[in-house]
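I'd like to ask you about the structure that follows.
The first chain written gets the first letter, and so on, giving A, B, C and D; residue counts start at 1 in each chain.
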Amino acid sequence: MSSETIELSGHIIDSWTLPSAWDVIMDRGGYFTVDELRIGVHKTETSYIRLKIEAPDDNTLDLILTELQQFGAALVNGDDAQTAAVEQPGVLPPSFYSTTNLPTQVRVQGQWVQVENIEMDVVIVIDTEQRRAFCKPMHEVQIGERVVTGHGGIRVQPFERARERESFAFMQSSVSTEKVKVLAIHEIARQMRETRERGGKILFVLGPAVIHTGAGRYVADLILRGYVHVIFGGNAIITHDVESALFGTSLGVNLRSGEQVEGGHRNHLRAINAIRAVGSIEKAVELGLLKEGITYEMQKRGLRMVLAGSIRDDGPMPGVISDMQEAQKQMRAALPGVEMTVMVASMLHAIATGNVLPATVRTVVVDINPSVVTKLADRGSFQAAGLITDAELFLRELAEALSD
Amino acid sequence: MSSETIELSGHIIDSWTLPSAWDVIMDRGGYFTVDELRIGVHKTETSYIRLKIEAPDDNTLDLILTELQQFGAALVNGDDAQTAAVEQPGVLPPSFYSTTNLPTQVRVQGQWVQVENIEMDVVIVIDTEQRRAFCKPMHEVQIGERVVTGHGGIRVQPFERARERESFAFMQSSVSTEKVKVLAIHEIARQMRETRERGGKILFVLGPAVIHTGAGRYVADLILRGYVHVIFGGNAIITHDVESALFGTSLGVNLRSGEQVEGGHRNHLRAINAIRAVGSIEKAVELGLLKEGITYEMQKRGLRMVLAGSIRDDGPMPGVISDMQEAQKQMRAALPGVEMTVMVASMLHAIATGNVLPATVRTVVVDINPSVVTKLADRGSFQAAGLITDAELFLRELAEALSD
Amino acid sequence: MSSETIELSGHIIDSWTLPSAWDVIMDRGGYFTVDELRIGVHKTETSYIRLKIEAPDDNTLDLILTELQQFGAALVNGDDAQTAAVEQPGVLPPSFYSTTNLPTQVRVQGQWVQVENIEMDVVIVIDTEQRRAFCKPMHEVQIGERVVTGHGGIRVQPFERARERESFAFMQSSVSTEKVKVLAIHEIARQMRETRERGGKILFVLGPAVIHTGAGRYVADLILRGYVHVIFGGNAIITHDVESALFGTSLGVNLRSGEQVEGGHRNHLRAINAIRAVGSIEKAVELGLLKEGITYEMQKRGLRMVLAGSIRDDGPMPGVISDMQEAQKQMRAALPGVEMTVMVASMLHAIATGNVLPATVRTVVVDINPSVVTKLADRGSFQAAGLITDAELFLRELAEALSD
Amino acid sequence: MSSETIELSGHIIDSWTLPSAWDVIMDRGGYFTVDELRIGVHKTETSYIRLKIEAPDDNTLDLILTELQQFGAALVNGDDAQTAAVEQPGVLPPSFYSTTNLPTQVRVQGQWVQVENIEMDVVIVIDTEQRRAFCKPMHEVQIGERVVTGHGGIRVQPFERARERESFAFMQSSVSTEKVKVLAIHEIARQMRETRERGGKILFVLGPAVIHTGAGRYVADLILRGYVHVIFGGNAIITHDVESALFGTSLGVNLRSGEQVEGGHRNHLRAINAIRAVGSIEKAVELGLLKEGITYEMQKRGLRMVLAGSIRDDGPMPGVISDMQEAQKQMRAALPGVEMTVMVASMLHAIATGNVLPATVRTVVVDINPSVVTKLADRGSFQAAGLITDAELFLRELAEALSD
């Protein structure tokens, strides 16, 4: 029998941390004894438990400890985080520790150091001299960098469900379509207001259906009122937005009358071509060619759109990034300060954003297709609250809720 | 080789009748020769074609003629419709003609007679003396009644796509979610206004999600403004509506705050129990127990709700019809005068209504789940225009569009 | 401040009962103190907790106690269950206790009595003389019967997740389509084998798509091999099954070639008419008219099909029950002995069956549409494990897995 | 009034070309007179029509002629295709002609020349000297190249529905889930056999769910039997395939037991890291590190996988193309010889492949989510036949159907 003693503290009762931990231990074939348990009985009090874990062998104990880490467990007799040096550029040492998107600390020379720019499925590089720890994606690690390995000396701060009336709670329980959505939308509006007031940035991740359904005008309105600080999207959203601004159509459908005015994609190609002819979006705004829409409003305010290309793109529109590593880099660079994310009608970019977003950023995913929400959660963005509804009517209602 | 000559006339070009007819002939293994073709070149002109059809055998020719009937083909040398007498109650003669939901005429003693109360998948009974023809469901046919058999002497008027700007056309093409829905909703509102102005009745078919999502208030508002004349639904819609009126909840969720205030279904049972205790909805309104909601507004105006029970019901609520034959009978009885139907968030009742509705009634199906629209079309209600959107936000927008 | 002391015991740690209970107390605005806690550290040991609950007022305390009951909490100083007499037939006393589908006991004269035929959303009637307690739906309560009210003296046995490798666990976590389904199907097969071996009955709930997709043959095969003991369904499943047996088609589509051989629903009406002409399914089998298919195989073995009509039915087929109260009664009557339920491609009948099924019956819901599983769970059948897959290919694989 | 005379010939009756053409003329506000009509009455005969089209103005006439082109209409008095020179690299002349994915000819010096490598939404560049015409995406056009403009001198060969029993027809009608899929799968198998026998290549487009659901083994089996010649996919499919080959898991789920063996994505990162460490897939196979799976089987046979990166990728795996223009180029380069495409569980890569695929390539899209098929059709890949079913069970059945 192998054994180890761990501690858990914080809102471990009401955040379901403690039962989840017990579950893991038993699911993996271990046993536990409660050495000490103090339950905080008032809202503001935290709880504490010290557990002795036993497992039939070292491997099992290891697996259990790895998983408990995600709940914030720390070894009572902990050492520094172990590291190994990178020996080939872009190749990790074999026993690398793979991050979650939860706030994480590593013990460096006896002290807990916060990992900077936390995101999921990357590694932690430690700079011992500066006592700093950073996240790095695999392809960016350099020879000689010290990558954290194993699971000792790592502490993850679990997702704590606030005890106060959890604003998003009613959306989180399931992906049911049978809920009062107007309430949810007004709650989202309230949180956007709060976020803006305290100086936090709001990131919108947008799919092209936003434009096809004529909802671009509501997003433009939100930008104008200061509720959008960064946009992530792709070639389609910008192209249809520009098509709509230049020709009043999206995929050839007139957005005012709903009628098909052009066969298929010609206007969409014309829109790209028009911007390519002047060289850039900046130039098109400057020349007075582009006079409305999401892209125009963002450009006019100097706000950032990170537009990542994809394999299905026509064009592409100037400003769309063709190289995926570069695009991810720019997405990461745009995240500091973002405290809330609203993802609308975009599966690809929603998942991509989920990959680089810390779990602490409030995230709402709006889609008419429940599978988008399911997929996002399947891929680790458990903090995302899903709202299964119509993108167009959602944005219309949101813009209205924020119009005064 | 068997052969027969048929005629087709009307808007057979722009309603795709002619190509559909050609298709059927060739798909079934027949050949055709165009004896005469006159194409109407202006909007108001109709076209005419006389086709000689050849088929390898009588069976094939029969199959072809049966299908062509649905496009309005009539034999050039036609006889009266054939009939056979019912010999057992509720049992049809073997070669009975099964109707479509398109306007249909039968030849009785040399004259074309309109079939009354046309609906799909029933039979035509002819009263030769009175020169009348009616639809009857199988289980209602009586011994001695004369049921139309074969396919001679029957003329179906095909669904003619209006040449003018087809208001619902943009919804009909497919079940895509990527369309401008606000436009579609305003078009529906316009048609509701027109229907009401010319004295036509509007039928709403409602599923319980209308109440769960808090959208009952918008329907109540539409009733109040005179845009709802008949409602079809089930036990769930009335029960949740009454629950909402009495306790402010739906399935125990407070519709103002979105919070669960009661475990599961208790309020829903309490609502049924409260009405059962006073005996009926009428009495509950009279006693001042029921003071708001869809049911209240309908009752107050003497408007009809046909509520058909289902196997999943609790209760049931007084007024809900437990016997399915009786419920279908009452649905049929409520149809005269109905010129438009709006189906929201209801698969079961939408399909049931589709079954008894003539194809000439404008029908809109609104659901967040595309499969509802697909299923309705699969089951023969091809005239239904689908709008894949959120029921709650749809009704909110519709009520707003009709509020002035 | 109001307060009360409760006890919880059993697998309250690994079944998440304890954390759920804590959650409820805090969510509802109460506080708790742990008076005693004993944690079972081995698989076979149970745990025990005694909690003192405090709430700001009596109403809140009441609400908390009601909810805790569902987790199996019992008042330390408990009394007998309270009852009130029924005063109008089919009308409950105002403070009636509404059941869950979990095993439930009521205290009658100081003794805990198991409630018979437990199902959700009905009431408990106590026969004090006989010391028995039964479930009854609202519309069946009679004058003078004593219905349980309030929440004292009621004990619910929570759903305990077995600690052994939970066979269905991998299906339960979410409704993801991205799982290895062949494994799940073979696990279902294994459980069906076990159920049959120990003499338990297996109930199949079937929607018409089973026949449309040509999968009727696999179900017939399962009946033949003794894996189906009861079938619940509607008019559509039996009608299409008979249509398929008589004409080789379903909705006019030839099930061997996939070709449309008849316009729309005529064969379907012919099938109903043929059985109506001879009077019943029994007679049709006896006369050699019906010689294959699900209905035939069930009839030949004297097995029960409870076929509940619905508002969308044609016909109906003899044997289909038109009255919904009667149909529910027959469904309830067919349940004793059922230990496993497989629901395939049926939303209406799946929900209806969920309503009358105890939570202790293993339930699998198979549908290509994730919303069916979501809806079933939303309506209280939390024990149902969902498998999002193709009904036809599921049944083919299941029949193959059980073929040896 | 403006007018023009056009000709249409071929299977214009049974391919619905003629009625579609009439529809366009009338929908756009034009009129027509039939100058000559010859209808082919036997299967092998083609038809011919000469129509005089009138429109209220030149713009309308233009719009009509543009759309009729897609149906194969040619001006009776046609001239050569017009061209304009490219003046900026990657920027088109304003009135560029945007292609469809149908076989297209342009008139060059009085002769009809076939456009090479036809695909949708690109332009046609004419090399007058060589009398050749090519497709080019916008970003590849060079200064001085002559791009086709306007709509004169262009002839599109419409999609002709074969009169013989159309093998895919039963899948094409709609995206219903209620069809006999085993039949469809065997039909697809038959066509794959035929394609292979006549030396045509078969392209598979695969999403990661193919691996998550454990269906990778069936694809490996199809490769082994010679039914897969090219694969298009992304980082996820190759990574999960390698993860599955190296560790037996996909996203940490053991594909044999269905159990989660590793928290989240670690094995997936380990798989990428392992290949990065040796440098390439080729090397990994050579060293005996990679010994099974899709990637291994393809590599061993020297078959091509074009793996296009995307913004949501980890890693990436060596061999995945990060630059989107480069990836599209390689997809195009892999297409010659491809006569059939099977797309499974991939929305992004399915749409991307649809973009570069001529309409003449038989295409099947298999997905459990109907919206994938709808989206593909919405984006112009109308030739794709959709099969709404489970990817895993589809591939299992397909592999079995092709196993002898």
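The rule is simple: a residue touches a chain if its C-beta (ideal position, glycine included) is under 8 Å from a C-beta of that chain, and two chains touch if they have at least 3 such contacts.
Because the structure is a prediction, the values reported are computed rather than measured.
Common neighbours of chain A and chain B under the contact definition above: C, D. The chain with its Cα centroid farthest from the Cα centroid of chain D is C. Interface chain A/chain C: over half of the residue numbers present appear on both copies, so the contact uses mostly the same residues.
In this entry, C-D is the pair from C-D, B-D or A-D that repeats the interface of A-B, since more than half of their contact pairs coincide by residue number. Interface comparison, B-C versus C-D: the pair with the greater number of contacting C-beta pairs is B-C.
In this assembly, the C-alpha centroid of chain A lies 38 Å from the C-alpha centroid of chain C. Rounded to whole angstrom units, the spacing between the C-alpha centres of chain B and chain C is 33. Computed from the mean C-alpha positions, the centre of chain C lies at a distance of 46 Å from the centre of chain D.
For chain C, the set of residues touching two or more other chains reads 177-178, 369, 371. In the complex of the two chains, the chain D residues touching chain C come out as 170, 177-184, 187, 208-209, 212-214, 253, 255-259, 368-369, 388-390, 392-394, 396-397. Contacts from chain A toward chain D in the complex involve residues 66-67, 70, 88, 90-92, 94, 96, 98, 100, 120-121, 137-139, 234, 263-266, 268-270, 272-273, 276-277, 308-316, 322-325, 327-328, 331, 347-349, 351-352, 355, 369, 371, 380.
Across the complex, chain B is touched by residues 13-14, 16, 18-19, 22-23, 26, 31-34, 37, 39, 41-43, 163, 174-178, 370-371, 374-375, 377-378 of chain D.
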